Amino acid sequence: MKHKKSKDAKKALIIGIDGVPYGLLKELIEKGCMDGLKGILKSGYTLNKMKASLPDISSVSWTSFMTGVNPGEHGIFGFTELKPNTYEISFPNSKDIKAPVFWKALTEKKLIKSSIIINIPNTYPAFPVDGILVSGFVAIDFDRAVYPSSYINTLKNMRYIIDVDLMKVRQDRDGFYKDLIESIKKRGNVSKWLLREKDWDLAIICITETDRLHHFFFKQKETVLFDNFYKEVDYFITNTYKTAIEKYGDDILFLILSDHGFVDLDIEVNINAYLKDAGILKIDKTKEFYEKIDNGTIAFAMDPGRIYINYEDRFPRGSIGINESDKIKEMLKETLLNLKDNKGNRIIKAIFEKQDIYKGKYTKMAPDLVCIPYNGYDLKGNLRKEEIFTKDIFQGMHTWDNAVLIVPEKTKIEDDINIEFPCKIIMDFFS
Amino acid sequence: MEQMALPIVITGHIDHGKSTLIGRLLYDTGVLKEDRYNEITQTSTMLGRHTEFAFALDALEEEREKGITIDTTQIYFNTKKRRYVIIDAPGHKEFLKNMITGASYAEAAVLIIDANEGIQEQTKRHAYILSMVGIKDVCVLVNKMDLVDYSKDVFDKVVSEIDGFFSIISIKPKFFIPISALLGINVAKRDDTIYWYDGPCLFEALDEFTFKSFEKRPFRFPVQDVYRIGTEIICAGRIESGVVEKGMEVYIYPGDKASKIIEIKKFLKDNINTASYGESIGLIIKDGKNIKRGHVISGTKDMQLKREFDANIFWFYGEYNKNDKITIKCTTQESPCVMTIKEKFDPATMDKKTDTSDCLGIGEVARVTIKTKKPIALDTFSYIPEMGRFIIEKDGIPVGGGIIL
Amino acid sequence: MDHYDMLESKSIYIIREAYYRFRNIAMLWSVGKDSTTLLWLIRKAFFGKIPFPIVHIDTTYKFPEMYRFRDKLSKEWGFELIVGRNEEKLTLGMGPDKGMKLECCTELKTNALKQVIKKYNFKAIFLGIRRDEHGIRAKERYFSPRDDKFKWDYENQPAEIWDQYKSFLCEEEHYRVHPILHFTELDIWRYIKRENIPIVELYLSKEGKRFRSIGCVPCCSPIESNASTIDEIIEEIRTSNQSERAGRAQDKENIYTMQKLRALGYM
């Protein structure tokens, strides 16, 4: 039943597909695994490449999408952070986002009334919205992941889950794969129900199963494993889109985006082990986590390529003065660029300084340097591992420059867009 | 504002979801008191699945390792109508005696059954213990309905099975409720998911249990001790039933000698006119110079003084053999006694045991006749529970408990 | 009967039972708020009298305020005070700075108590411990037998049923009776307020600090607090319980988050 909307009422549907790289998506469409999406594209949409945030991890990238600004303004630089003036680890969540999400501005300006926000990473704990918000990972407590709370029971009864059991993949890869498919289906059901039953002006629905698949199965991307999985993804996209246009007509704004790309992971690089060997990092083994950072440390790394200089006015055991800054940065860059694998290949492709990539009052919280590796080298910031090069069960790693953006064909796309851009499209649409 | 809490016990087979239910209750009423228990370190229970509270109730390392609860703990929560205190009676066979301790404090019981598994041996045993300790207000929860797709057929089947069993032991459960403790369906509030059920949810059912007004029952005061302070002879004890008033006529058992309450004594309080059920006080009675521990001061003349009576007994420790020297303890009275076993029951099957030996082992239930050396002042359990319960001790250790029929 | 009447009545019942069953009994008084509350309850149970000795184990390192309070109260309430000291170890100079603290406690407290029990042949001791003090205490019973080595076999707990308490005695065993097991810390403070029970002034804030628990001077540290009346202490405990819980909840969340991130290859 088509709902009659007033001629001024604008509707927007955004689908997020976490961790889907441009190249892979293009291939899968051409292969014939995603005929639904192919049809949609044909009807007037373009597939574009887009850059993620820096660093290129979900919590940072999606936050940049939600706020439309860079980490220097929204304050999220990683899954892990150190509390100010300490080495104490903290886990930023939705409460730590310093800039408003774009739908808040739209609501305040009365450009939209009701929003359905499902499963965007870094929206936990669930925060108030005119409509409904279900948090994406990392969400510990389901009852704090749903706003308003009146939806909690229904979602539980529909067996909606926020994230699959990640521990399973180590014991039961088949079972894990099945869980991923199940999870997409359930999310699809919930989305369909909400889009159909509730009135909305803005709907954003993300699936994160794609990212999970890529982490653990990426090297099997040529196999039928991926084909079948992406058929499921295609079904999800098509169904959701159909539900939306059946309700509100096909002049809704429709976007699909991913928050970063993926590439084969060949080896893990533990930067702190390298820094330790180079005498740049001093470790106190008797302590825990980042408390291990001992006197005499010049710099240390955090996931996934962030470098922090041990400034004396920033950290308790800091010893670098601000006047040494330039000298230290040069030394660090040189040291890091010199990091090579056992075949003599360089690992670090580029190093950015914070002021080059961040703007805003939270730049002071940012890492001093951000490293981008060559494909295949996954940079790690843990302090546990002693060896520089290690390998675990992960088959894929995030990439910065090949996320996906699907927009209506008449949308003007500049060169070199990044994940702050889609927000502008949406804001423009409603204004 | 504090009010008296209605104590309830939650029983049932070990894996049928007791701990989850308790956790759910506490969570739904905002009470989950983490500061009473050791930290929940079983983070694996939280990953990828709905939060489980089962581990919240273990207070000892060992229990966590064994995965069972050994002992009882006192947990309070509120519904709209009143305050409750949960006694979590554990379900493991080895700890029956502790289980009895839990059951004894409850006024009402919740019996939880896994819809998938139906009635197990432990379920029956616990049901029998409920009847043993005289709990009449029983609410049966058919749990894990989410795992049977909320099927009405499954529910009806379990209900008729338990109903049949309960009628043998003369308990009529007041409610049968389909629930999912894990998902919180029909626990604190009703849920449309189980659309075919229109009875109350657990909280509503609990609120419907009538809390016997203890004040209205006959006055019973077992004397705990007698203190001579100055010239006064004060009987110390706790009011186990009813209300006492200054000047009231009373009877001293054994002997039903008539007397009168001259004074009600409490430290630092004067001119007390009345005291009631549950209070530990002192009484000065007329002609009280021969009164001593073991006597009972009664407000009515209807207490029974017996040296022989029938009882239902539940054995929870060690073994009983015919000529064992045992003692019965009923409030503050005690006496050596002998016990004749009239009929033994297997609490799991409720079959009368054909073995007519005069022995009892752990977990066995029997109808017995008790003959005491000294006369015991008592009420039947159904009349005044506090005066109709007793413990059997052997060599100073409690080994069995029962109720007077 | 309100909540505190109930707690009180149960304690009095237990106290009277223990007194009846064990002829030779005493109460261990630390001069702290819990055992002073217990002392008050004992007075109530016996209508103002305290018919057995009160034992204070004196390490000689206690706060002067505690000694003053002890002597004052024993005179006012008129009870027999036995002060136990491990004289032998004290003359040898035992103290917390000499070796480990645990050793000092063992010698000056535990062994001093053992000596007193032996000397007076007490069959049972009243103690003011509460279930909510920490995990293992939650499993304590009202009547708890200890063997001669002061160990506690928690698995073989005697069943307690319908207030009949195990009174089995053998030569080497003695009993510990815990009449205030069911009081929480907050209950104690509210009861102290309700009954006007005197307490050592160290519990109240002075110059921004107060003691949450008192004992020997070298091993006791105050907390930051401005609670200088009992009402303020009650309020402080109420809100700190909430934040302790919140803090623990946060810790749990952090552990979970870490596990999750590790599973994805981070950290």
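All chains are identified by letter, namely A, B and C, in their written order; residue positions are counted from 1 within each chain.
Note that contacts are C-beta pairs under 8 Å (C-beta built on N, C-alpha and C of every residue); 3 or more make two chains touch, one makes a residue touch a chain.
Because the structure is predicted, anything quoted here is derived from the model rather than measured.
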| item | value |
| --- | --- |
| Chain contact graph, described as a line, ring, star, complete graph or other shape | complete |
| Distance-maximising chain from chain B - centres being C-alpha averages | A |
| Pair of chains ranked first by number of touching C-beta pairs | B-C |
| Chain B-chain C separation of Cα centroids, rounded to whole Å | 29 |
| Approximate Å spacing (C-alpha centroids) for the pair chain A, chain B | 55 |
| For chain A paired with chain C, centre-to-centre distance based on mean C-alpha positions, whole Å | 53 |
| For chain C, residues that touch 2 or more chains besides their own | 252, 256, 260, 263 |
| Touching two or more other chains - residues of chain A | 140-141, 163, 166-167 |
| Overlap residues in chain B, where contacts from two or more other chains coincide | 44, 46-47 |
| Interfacial residue positions of chain C with respect to chain A in the complex | 252-254, 256-258, 260-261, 263-267 |
| Complex interface listing, chain A residues touching chain B | 140-143, 153, 156-157, 161, 163-168 |
| Chain C residues within the chain B interface of the complex | 1-6, 8-10, 12-13, 16-17, 19-20, 43-49, 131-132, 135-136, 138-139, 154-155, 157-162, 164, 166-169, 182, 241, 244-245, 248-249, 251-252, 255-256, 259-260, 263 |
| Chain B - residues contacting chain A, complex | 44, 46-51, 146, 183-185, 191, 193 |
| Residues on chain B engaged by chain C in the complex (per definition of touch) | 2-4, 33-41, 43-44, 46-47, 59-60, 62, 70-71, 73-74, 97-98, 100-101, 104, 224-225, 227, 229, 234, 236-238, 265-268, 276-280, 282, 293, 316-317, 329, 386, 389-391, 393, 395-398, 401 |
